[in-house]
Every structure is written in C-alpha cells, then in structure tokens.
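One chain, chain A, appears in both complexes that follow, with chain B as partner in the first and chain C in the second.
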Partner chain A sequence: MRERFASGFDPFVIPFLIGMAFVLGYCLFGMLRIWFQLPRKDRRKVVLSLITPKGIWKNVKDIFANCLLHVKLWKRNPVLGYMHSSIAFGWFMLIVLGHIEVWLFLPERLRLFYYPIFFNFFVAESESTIQGAVIFFLMDFFLLVVLSGIVLAMIKRVRSRIFGMRRTTNPSFLDRIGLYALWSIFPLRLLCESFTAHISGGSFLTLPMNWIFRQFLGNSMNALPTWWAYSIALGVFMCVLPFTRYMHIPAEMMLIPLRNAGLHILHPRKGFARLQFFSCPGCGVCIDACPMSAKKENIKDCTVYLNRQLRRGNEERIEQISDKCLLCGKCTAVCQVGVQGPEMRIAQRMLRRYAVNQHYTDIDPTKFVPEGGSSAKVLYFAGCMTHLTPAIGRSVRSVLDKAGVGFKMMDPDGGLCCGRPMMMAGRREQTRELIRINTDIIRASGCNTLLLSCPICYRIFKEKYSLEGIRVVHHSVYFDELIKQGRLKISGKTLRKLAYHDPCELGRGCGIYEQPRSAVSAVGTLVEAEKNREESICCGGSLGSLSLSYEKRKDITLASLRNLTVADPDTIVTACPLCQTTYGNYSEIPVKDIAQLIDDASK
Partner chain B sequence: MTGNVAVVGGGIAGLETAVRLKALGWNPIIIEKSSSLGGHVAEWNCLFPDLAPADKLVKELVDAADGIEIHTDTEIASIFYTRKSYSIVLSDGSRFMCDSLVLATGFSLFQAEKKEEYGYGIYDHVITNRDLELWFNTGSDERVPSDPKAIGFVHCVGSRDIKAGNTQCSKVCCITAIKQAIELKEKFPKAEIYCFYMDLRLFGRKYEDFYIRAQRDMGIHFIRGRVSEVSETIDGRVFVKAEDTLSGKPLRVSLDLLVLMAGIVCNRENTTLAESISVQTDEDGFFRSRDNITHITESDRPGVFFAGTCTGPKTIPETLAEARSAAISVDAYLKSLK
Partner chain C sequence: MDFGFSLSPSSAVNLDRTDMSLYEMLCDREPTARTCIGCGSCSATCTASAISGMSVRKVLLGIQRGQYREVEKMLSHCMLCGKCTMVCPRGVNTRHLILELCRLYGNSEGEL
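For the complex of A and B:
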C-alpha cells in the first residue's frame, strides 16, 4: 500500500470531522454533567465498582453483549436481534478493521482521526500488499452484513409485525433525519469503495461493482463526489445524534457501568435517571407490553413517551404520564436497555409539594404490639387489602390452624399501613415514618417470621424494611413449604384447570414465580396464561395509578382477563387480594386467592 | 295480522301490560323464565309507604290475568322479524307469530357478595334486603338472631358505586331501608338500629313523613357515612367501621345483624335479548328508550316496547303506570298496522 496524496488530507473529510468533534464534545459534556449530578455516595460506588477486575470484566462483557451483539434482543425476536447486531457489530468491525489496515500499512497516519474511515480514498494498492486480501475480504463482508441490517431496518419501518411488534413509536422530525442519514451511510460507503476499488483494492463486493461501473461510466470522476456524500452523511448523522433516539448508542455505554454499580433513581431529571432517558432507543417495545395500551388513548403514556417528554422538558405531559401509570413494571421487564419506568415516575411524584402532609408521630407503637404467648413465632400482617377481602384472611388463618402453626395477628382490629401506597405516591417522609413504627411493632412482637397475604405489603417489607433476623414471607411461598413439608395435608386435589395470575408486585416486584405455581399444582391442574411470569399483565386495579378512573380501568382488566383465560381454565387463581377483587368484578369464572384454594382442598 | 303481543317477563310490569292489552282487545302472551309470576314483588313482604302487603298486589294482578296465555319456566329460544311481524320460538317448543313485543324483563338485585368488604356470604349475620323480606315472609333464617341488641343497615350497596360498575341510583332502597328499619324496630323494640347512608333520597309523597317517623318516633339512628370495613368478633358478632361524616369522627360498632341494601342493577340477559332483536342498551345495561322524556316506553325499533324497570330503577306505582302507558302505545301501533 502506498499513499496517493502526500498531505494525507482532502477537504471532503471536513463534514465528518465537524460531526465527530460535535458528538464527542457533546457526549463528554453530557457525561460530566451527569457525573456531577450524581450524589457523592453514588459516585464513590461507581468508582469502587470500576477498580475491581470483576467489576471491569462485568462492564466490558455487558457492553459487548448488549450494545454490540444485542443478546437480549435476539432472545426477544431473532430478526430484530439480527437487524440490530448486524448494524452495530458490523459497523464496529468496520471501524476496528479500518484501524488495523492503517496500523498495518501506514502506521504513521494512525494519529489522523479520519484516516481509518476514509482509508480506501487515500491509498493505492501496490504489489506488496496482496496479503491484505484477507482484510479486504473482511471489510467487504462486514459491509455486506451492515447493508443487510439496513435493508431489514427499512422493511421494519413498513411492516413492524414481522419483527414481533404490533405497535411502534412515531419518530420525531429529527429522528427521521437521523434515520435517513443512517440508512444512507452504508450504501454510500459501498459506492465510494466501489468507485476506488481499482486503485485501492477491494474484494468480492467492491471489485465486481467497480468493474460494472467502469463499463458504463468509463471515468473515475464520480469517486470524489461520492466520498463527499459519504462524509456528509456521516457528519449529518453525528450532528443530529444527540437530539435523536440514536443518543442511546453512547448513553447506554455509560448506563451499564452505573447500573452495575447498583445506583437508584433519586431525581427524575438528574443523574442516573437522565442517563436512562437518554439511553431509551425509542423502539416502542414497551407500548405493546403496557397494560394501559389496551385502550388506544393511553398509548402516549407508555415509558417510551415519558422518556421523550423528559428529554423535551414538557412538564405538563410528564406530570400526566407519571400519574397515570399503574407501576406494574412490565416496561422494565421487556426493555432492552433496562429503563426503569416505574422508578422514574415515582421520582417524579416525589417532586410534588402538598399543602397537607400527614404525620404519624403521635402513634404509639406499643399499643399495636400483639398479645399472645411467646410460643407463637409467626406474625401475620393481613394489611388493608386483606381486611377488605375477609374471605382471604379467614382462609389464611384456617390454613395456619390446620398446619398447626402458632401465629399472632399483627392487625386483628385494623393496623397501620405498610407504607407501599405512600411510597408509590412519592411521599417519602410518610413512608419512612410508617416503616419506623411498623418496625418497632414487629420487633416488639418477638416473632421470627412475618407472614403477609398481600404482595403490595410484602414488597415493601422485603425491600425497604430492615428486619434482620426476621423472615419476611408471602403466604403463597409459606403455604407451598407447608405442603412440601407434609405439615399441610391436601385431600381434595381436583382435575380442575387453574390459571395462575402473577401479581405485579409479587412476580416482577419480588421475583416469586415458582412457589405459587408449585402450590397451585398441588391442588389442581395448573394452566398458563398467554403472557405469564415476567410478562404477566396487570389486572388494572393497581394502586400505582393516581389518575386512572374506575371506568377507564375496565378495558385494562378485560384485556388482562382475556390473556389469563386462553387455556380455558375453570378458576383463576391469584395471590393478591387486589387482583382478586379487580378480576372478580368482571370475570365470568370464579377468581380465588391461593389461600382460599388451599384452604378448600386441605384438611 | 294476528293481534298477538308477546310480553317478555311475568313481573308486575308484564302482568299489568298484558291485562290492559287484553282489555283493549288484543291477545297478549306472557313469557316468564321462572316458575311463578310476580317477579321481585312476589318475594317482598309489604310495601312502602303504607305497609300494604305485597302478595295482595301480586294476587290481584295474577287474578286479572286469568285467561291470558302464560308460559312459565320458559325463555325465548329464537326470534325473527319477518314482514312486520315477529316469529318467536320458545324453549318449551311452542312457536307463534306476533305483531308486537313488550319487554318487561325487569332488573337484577346487585350480588352483595361482590362487595366482599361487607362480608356477605362470609360472616354469619350479614344479610341483604331481599333476605330480610324473605325472613319477614317465612320467619326462618338462621342468620337473623332471635333477640338482637343492635342492627345496622348499609345503604347503596352496589348502587352509586363506580367500583362496583354501577353509577345509577337505585331509587327505592332509601325508603325500603327506612321501611325495613321500622318493621325490625317494631319486632325488636329494644334493639338499636343504625342506618349508614351517603344521602337520603326521599322523593315520593309520604316518604319524608316515613323518615321523620323512623327518626323521631322510633329512635332509629341515621349516620351519614359509608361503611369502610366489616369484620367479625370472636363471639360471632358483626363489627362495623364507618365514619360519621357529619361529626367527622370514625365510628366503630358491634352489631347482631347487618342488612345490606343491595341495589337495582340491569338484568344481564337484556344484552343478549337486545342483540337478537336489535334494540339498544345503554352503558349501564338498561334498555335505551327512544326518548327519555316523552317516549320512555318505546324503542327505536317498530313494534318493540318497554315496560317497567328494564329501562331503569322504578317504584311500583311508576312501574304500573308505565305498563299501562306501554299498553296504550302498543294499541296505537297495532291499530296503525291495520
């Protein structure tokens, strides 16, 4: 290989350089801004996670798997996965191979930023570089890979259903510019390299094209304008990148180490949250997943649109979207980059100031300490939801009696709230106070197990209370153990088909999927819903939403019921009193709590 | 033209319409799904505001319907509209043609077990207004204690309740609760009786006097506030938590009997019937009248008329008046066909 131009420069590289300088500057500034928005404690956490070999290895592995290979997307839909990884990985390989070429043939030019990108323009093939054929082949191969991805991307715009997506987002104006620039980059690259292939060398793709072009164009006057076009396309793409959904490419690379360091969202616009909404690729997977999208008017309230509005700073819409959400967490479960929709909304709700702030300082915890002997080691907290569904509470107590478990009621005659509803409403102070009082009550009871029959309570007791030495357990898990240990005898196993619904707070919230299923299987024939486990659909009754009215929740509940009853079950079983009540209003088949089911079948 | 009119429903609306049609010279045919006539009224003991016996009213109507073709335990199997007349096949196999159709399908009582927080079907001493009337009639219901000290009434159970999916006011339960409270007070003079209400809608003549009598003369306690939660004490009594919104204080009371005033909701079978003859139902499930002021008994469809509570909650006098009105409308329609 030898250089064609002694200066190693041509004005056509300027658009690329401008774009590159802009995007690098913007990202650097953005990164620093986010970094300094993080609380000192969080920054320490990140630094500590980055200095251990284990932490570094995990970050590198995650970035490679998620940003380049898109492993999660492959699992979701192989065509969609191929489309993304062909473009991302193919492009990455083109850049890497470009650098290898420069390093092999003209190492002194490595310091020129643009040289590896436009290598084929600046060099001419000489005999000594015939060995470079391997690299030429690889360059053409990866270009072909990227081009195939671009073709798929174009098809996806027209028919998203092939890629397993029913609905997708409407790109904004700048998104479209970015999109068209991205689409044109690689066909232009193919043209440029084809035009210069007889000078700089090429392989199976560029050489035949070069031959064809020369048959009817006859001269090489087309080369320079095409290289200009290629450079301009790159420049445009990089200049609009910060204002489009393609910002997710650099943002996700920073998001992964921060998430691996275990950071939480504290403010909806700053720090970790800011990084999350910039990482949103706007793919719209959360639209199909969102239970609210059963009604078309709610589509614009999905997490992808929250991210868009947060980037635009549209306060009115941000407030509306944050209040409407059911906080079921399904958008996070399906999200490719792991944007935490519910946490962002709770953080937004925390910003609100209220005229009246309840306080519970005059509540005396000692008045609530349950009586009863010290032999009872299980403390049962029914919570408000179970008090409103007395049949469930009665079944729980009956099952405990049958299994011979000594227990005390924490709230026989009404007690304090667990705090989760306050937490969902973003009222941190009230939550903290309730947690403090409840912790005192639980500690004073002398029990070693806290039993909950409501997943809403269970989640906050598990996540936010510090109850070392006390086991916090949901009744579905506890009853499953009682059955397995043989302490509870199941006598009435039936052949009835039972469809189990994963409550949001128990499933996605606490990761409990297996034990309830095992308990249901012990009693009858378990059938699955169409979407289950991580992708189970919220019943629509969630306390998370502050603004959805009961009428508007009806369609959500009906859609969720349709999903649950695909296997034509005889009974719907759930492990949450709120789900049970919500379904009970509209279901044509009986809806039972797992406690009622076990109580009916045991002796 | 046959002169036949199919009357769907053998409650008081259906009976009254049929009797009037017969008197006008037409041939009504009553189709009743249950085995007896009189509908909900036949289950009631006595009626507000004069405490008139319900069975007397039903008996008068049934006697007047003597000679009218009545199919009990029967439902409509299929129905077709052909050349200005309806061809009907019944579940008992009989078939006939008719020129007009009167829907008097009535209402359903809200299923109180759906409001699980009130504990109907779970606690031993929680009953509904209907259960209480049946007890007045038969005297046997083990949920009603022999010597109650305290009794509670919960108004608006499943009516005016978005959560239960029914926003309409049932209209008759306020006055029914007062009537039943008075009756219970007369049976158990020593018992304290509490009515938990949202607001009292006593619109009819003599209703207000009835209420004043209950409050002043009988000493029945009226508490404005919804019951939030009902639980059971160890000795099996019913423990009620509510808020007295007039004094702004929470209230807790133990009762020996709790009566839930289950509201009037639409008859779910209306929807399937409406589809088969293409008339409309409203969002609340009741039939949609052509006009809510002037043509309440008429549908959008020629020859199909409504009578009674299938178009919304109504009192007995209103139902009877509407049944007569429907008969006149049918008469005019049939005459126009000639």
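For the complex of A and C:
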C-alpha cells in the first residue's frame, strides 16, 4: 500500500471533522455537566466502582453486550436484535478494521483522525496488498452486515409488526434528519469504496461493483463527489446527533458504569436522571408494554414520551405525564437501556411544594403497640388495603391458626399507613415520619417476623425500613413455606384451573415470582397468563397514579383481565388485596387472594 | 384578667359570605370533586380519621363553608393510603383531590 497524496489531506474530510469535533465536544461537556450534578457521595461510589478489576470487567462486559451486541433486544425479538446489532457492531468493526489497516500499512498516519475512515481514498494498491486481502474481505463483509441492518431498519419504518412491535414512536423532525443521514452513510460508503476499488483494492462487494461502474462510466470523476457526499452524511449525522434519539449511543456508555455503581435518581432533570433520559433510544417498546396504552389517549404518557418532554423541558406535559403513571414498573422491565420511568416520575413529584404539609409527630407509637404475650413471635400487619378486604385478613389469621403459628396483630383496629403511598406521591418527609413511627411500634412488639398481606406495604418494609433482626415476609411466601414444611395440610386439592396474577409491587417490585406459584400449584392447577412474571400487566388499581380517575382505569383493568384469562381459568388468584378489589369489580370469574385459596383448601 | 373561662370564637357559617374560589379552583383541577354525594364512605374507612377527624366528605363541605382552619387540621394527618378512593361509590379521585387541595391552600383569598 502506498499513499496517493503526499499531504494526506483532501478538503472533503472537513464536514466529517466538523461533525466529529462538535459531537465530541458536546458529549464531553455533557458528561462533565452530569458528573458535577451528581452528589459528592455518588461520585465517590462511581470512582470506587471503577477502580476495582471486577467493576471494570462488569462495565466493559455490559457495554459490549448492550451497546454493541444488543443482547437484550435479541431476547426480545431476534429480527429487531439483528437489526440493531448489525448496525452497531458492524459499524464498530468497520472503525476498528479501518484503524488496523492504517496501523498495518501506514502507521505514521494513525495520528490523523480521519485517515482510518477515508483510508481507501488516500491509498493505492501495491505488491504488498496480498497481506491485506483478509482485511479487505472483512471490511466488505461488515459493510454488507451494516447494509442488511439498514434495509431492515427501512422495512421497520413501514411494517413494525414484523419486529414484534405493535406501536412505535413518532420520530421528531430532527430524529428524521438523523435517521435519513444514518441510512445514507453506508450506501454512500459502498459507492465511494466501489469507485476507488481499482486503485485502492477491494473485495467481493466493492470489486464487482467497480467493474460494473467502469462498464458505463468512462472516467473516475465520480469518485470525489461521492466521497464528499459520504463525508457530508457523516458530518450531518454527528451534528444533529445530540438533538436526536441517537444521543443514546454515547449516553448509554456512561449510563452503564453509573448504574453498575448503584446510583439512584434524586432529581428528575439532573445527574443520573438526565443521563437516563438522554439514553432513551425512543424505540417505543414501553408503549406496547404500558398498561395505560390500553386506551389510545394515554399513549403519549408512556415513558418514551416523558423522556422526550424532559429533553425539551416542556414543564406542563412533564407534570401531567408524571401524575398519570401507575408506577407499575413495566416500562423499566422491558426497557433496553434500563430507563427507570417510575423513579423519574417520583422524583418529579418530589419537586412540588405544598401549602399544607402532613405531619405525624403527635402520634404516640405506644398506643399502637400490640398487646399479648411475647411468646408470639410473628407480628401480622394487615395494612390499609387488607382492612378494606376483611375476608383476606380473616383467611390469613385462619391459616396461621391452622398451622399453629403464634401471632399477634399489629393493627387489629386499624393502624397507620406503611408510607408507600406517600412515597409514591413524592413526599419524602412524610414517608420518613411514618417509617419512624411504624419502626418504633414493630420494635416495641418484640417480634422476630413481620408478616404482611399487602405487596404495597411489603415493598416499602423491605426497601426503606431498617428492621435488622426481624424477617419481613409476604404472606404468599410464608404460606408456601408452611405448606412445604408440612405444618399446613392441604386437603382439598382441586383440578380447578387457577391463573396467578403477579402484583406489580410483589413481582417487579420485589422479585417474588416463584413462591406464590408454588403455593397455588399445591392447591390446584396453575395456568399462566399471556404476559406473566416481569411482564405481568397492572390491574389498573395502582396507588401510583395520582390523576387517573376510577372510570379511566376501567379499560386498563379489562385489558389486564383479558391477558389473565387467555388460558381459560376457573379462578383468578392474586396476592394483593388491591388487585383483588380492582379485578373483582369487572371480572366474570371469581377473583381470590392466595390466602383465601389456601384457607379454603387446608384443614 | 382571668375569669376561669373565655369566649370561644363563633362557629356560625354564613353561606352568603363564604368564598367559593378555593372549591372552584379545586374542581377545576379535580373535576370528580363535584360528583361527591356526601355518603360518608370515605369517613368510615379513613385511616387518619381516628387521629385528626379526617373525612373527605367534611373537607369538601368545609371548603364550601369557609371552615378553612378545620379543614387544614383534617388534612394534616392524611396518609394518602387510598382507601377512600377505593370505597367511593361516585369514583371521586380523593387522593388527587387531597394533594391538589394541599397545594392550593394559601392561594385562596379566603381567611386561612
């Protein structure tokens, strides 16, 4: 390989250089801005996670698997996965191979930033080319891979259903410019390299094309304008990148280390949250996933649109979207980059200032401490929702009696709220006070196990209370243990088909999927809903939504019921009193709590 | 001079002179507030009622009668648990109503 131009420069590289300088400058500035928005404690956490070999390995592995190979997308839909990884990984390999070419043939040019990208323009084939044949082949191969991805991307614009997506986002104006620039980059590259293939060498793709072009194009005057076009396409793509959804490419690379360091969202516009909404690729997977999208008017309230509005700073819409969400967490469960929709919304709700602030300082915890001997080591906290569905509370107590478990009630005549609804409304101070009072009551009771029959309570007791030495357990898990230990005898196992619904707070919230299923299987025949476990659909009754009214929730509940009854069950079983009540309003078949089911079947 | 007793302020409600602006503002933000029939289901289930006498029914009545101090006391112990929303036969979104009222308080021209 030898150089064609002694200067190693041609003006056509300028658009590329401008784009590159702009995007690098923008990303560097953005990174620093986010870094300094993080609290000192979080920055320390990140630095500590980055200096251990284990931390570095995890970050490298995650970035490679998620940003280049798109492993999560492959699991979701292979065609969608191929489309993304072919473009991302193929492009990455073209850049890497370009650098290897320069390093092999003209190592002194490696310091020129643009050289590896436009290598074929600047060089001419010589006798030593045979060494490069493998690389030429690989270059053409990866170019073909990227081109196949681009073709799929074009098909996706027209028929998104092939890719397993019913609905997708409407790209904004700049998104479209970025999209068309991205689409044109690789066909242009193929043309450029084909025009110069007889000079600089090529392989199975570029050499035949070069031959075809030479049949009807007598001169090589076409080469330079095409290289100009290629450079301009690259420049345009990089100049609009910060204002389009393609910002997710650089942002995700920073998001992964920060997430691995265990950061939390504290402010909806700053630091970690800012990085999250820039990492949103706007793919719209969350639209199909969102239970609210059962009603068309709610589609614009999905997390992908929250991210868009946060980037635009549209305060009014941000407030509306934040209030409407059910906080079921399904968008996070399906999100490819792991944008935490519910946490962002809670952070937004935290910003609000109220004229009347609730306070509980005058509540005396000692008044709520349960009576009864200290022999009973299990403390049962029914919680607000179970008090509203007394049948569930009765069944829990009956099952405990049958199994011979000594217990006492924490709130026999109604106690205090666990604090989770306050937390979901973004009122941290009030949540903290409720947690403090409840902790005092639990500590004073002398128990070693806290039993809960409501997943809403269970989640906050698990996540936010510091109850060292006390086991916090949900009744579905506890009853499953009692059955397995043989303390609870199941007598009436039926052949009835039971569909189990994963409550949001218990499943996605706390990761409990198997124990309730095992308990249900002990009683009857378990059938699954169409979407289950991480992808179960919220019943629509969630306390997470502040502004959705009762009537507007009806369609959500009906859609969720349709999902639950695909296997034609005889009874719907859930582990949450709120889900039971919500389904009970509309379901044609009986809806039971797991406690009622076990109580009926045991002796 | 301490006589061992004092006069308590009048609790008479003059419906002609009460300011409905707070109620109207609330209804703008949470339209279901207008559909309340005052059945009292919310009062019966309320977690905070034992502590502060909280009752959404009374809150709605109170702001229409100008009893702002009483309403503020009731609101002060709400835990947003949502039982009132679940039992409401008219589908009043009580939690949103309470949060919006807590935000609006003080914006109103009524004496607070």
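As a working rule, the second predicted complex is superposed on the first by the 603 of 603 C-alpha atoms of A that agree within 3 Å, B and C clash if a C-alpha of one lies under 4 Å from a C-alpha of the other, contacts with A are read in each partner's own complex, and residues count from 1 in each chain.
By our rule, a contact is a pair of C-beta atoms (placed from the backbone, for glycine too) under 8 Å apart; a residue touches a chain by one contact, two chains touch by 3 or more.
Since this is a predicted model, take the numbers as computed values, not measurements.
*Asks:* Regarding the shared-chain residue A:Pro390, is it in contact with chain B (first), chain C (second), both, or neither?
*Replies:* Once the two structures are laid over each other on A, A:Pro390 reaches chain B alone.
*Asks:* A:Ala355 in the overlay: touching chain B, chain C, both, or neither? Say first, second, both or neither.
*Replies:* second
*Asks:* In the overlay, answer first, second, both or neither for which of chain B and chain C A:Gly414 touches.
*Replies:* A:Gly414: touches chain B and chain C.
*Asks:* Who wins on chain A residues touched, chain B or chain C?
*Replies:* Comparing chain B with chain C, the partner touching more chain A residues is C.
*Asks:* Quick check on the superposed pair: does A:Val23 touch chain B, chain C, both, or neither? Answer first, second, both or neither.
*Replies:* Once the two structures are laid over each other on A, A:Val23 reaches no partner at all.
*Asks:* Identify the partner contact of A:Ile363: answer first if only chain B is touched, second if only chain C is, both if each is, neither if none is.
*Replies:* Once the two structures are laid over each other on A, A:Ile363 reaches chain C alone.
*Asks:* Based on the superposed arrangement, let me know which partner A:Leu434 touches: chain B (first), chain C (second), both, or neither?
*Replies:* Touch partner of A:Leu434: chain C, not chain B.
*Asks:* Mind working out whether A:Tyr550 is in touch with chain B, chain C, both or neither, as first, second, both or neither?
*Replies:* In the superposed model, A:Tyr550 contacts both chain B and chain C.
*Asks:* So, A:Thr581: does it touch chain B (first), chain C (second), both, or neither?
*Replies:* Touch status of A:Thr581: both partners.
*Asks:* Report, in rising order, the residues of chain A that make contact with chain B in one complex and with chain C in the other.
*Replies:* Chain A residues touching both partners: 387-388, 414, 549-551, 581.
*Asks:* Using the touch definition up top, name the residues of chain A that touch chain B in the complex.
*Replies:* Of all residues in chain A, those touching chain B are 387-391, 394, 413-414, 549-551, 554, 581, 584-586.
*Asks:* Over in the complex, which chain B residues touch chain A? Could you list them?
*Replies:* Answer in residue numbers: 114, 116-117, 119, 122-123, 162-165, 229-232, 239, 241.
*Asks:* If you look only at chain A, which of its residues touch chain C in the complex?
*Replies:* Of all residues in chain A, those touching chain C are 323, 352-360, 363, 384-385, 387-388, 414-417, 419, 421-422, 425, 427, 430, 434, 541, 543, 546-551, 578, 581.
*Asks:* What residues on chain C touch chain A, complex-wise?
*Replies:* Going through chain C, the ones touching chain A are 32, 45, 47, 50-51, 72, 75-83, 85-88, 91, 93, 95-96, 99, 101-107.
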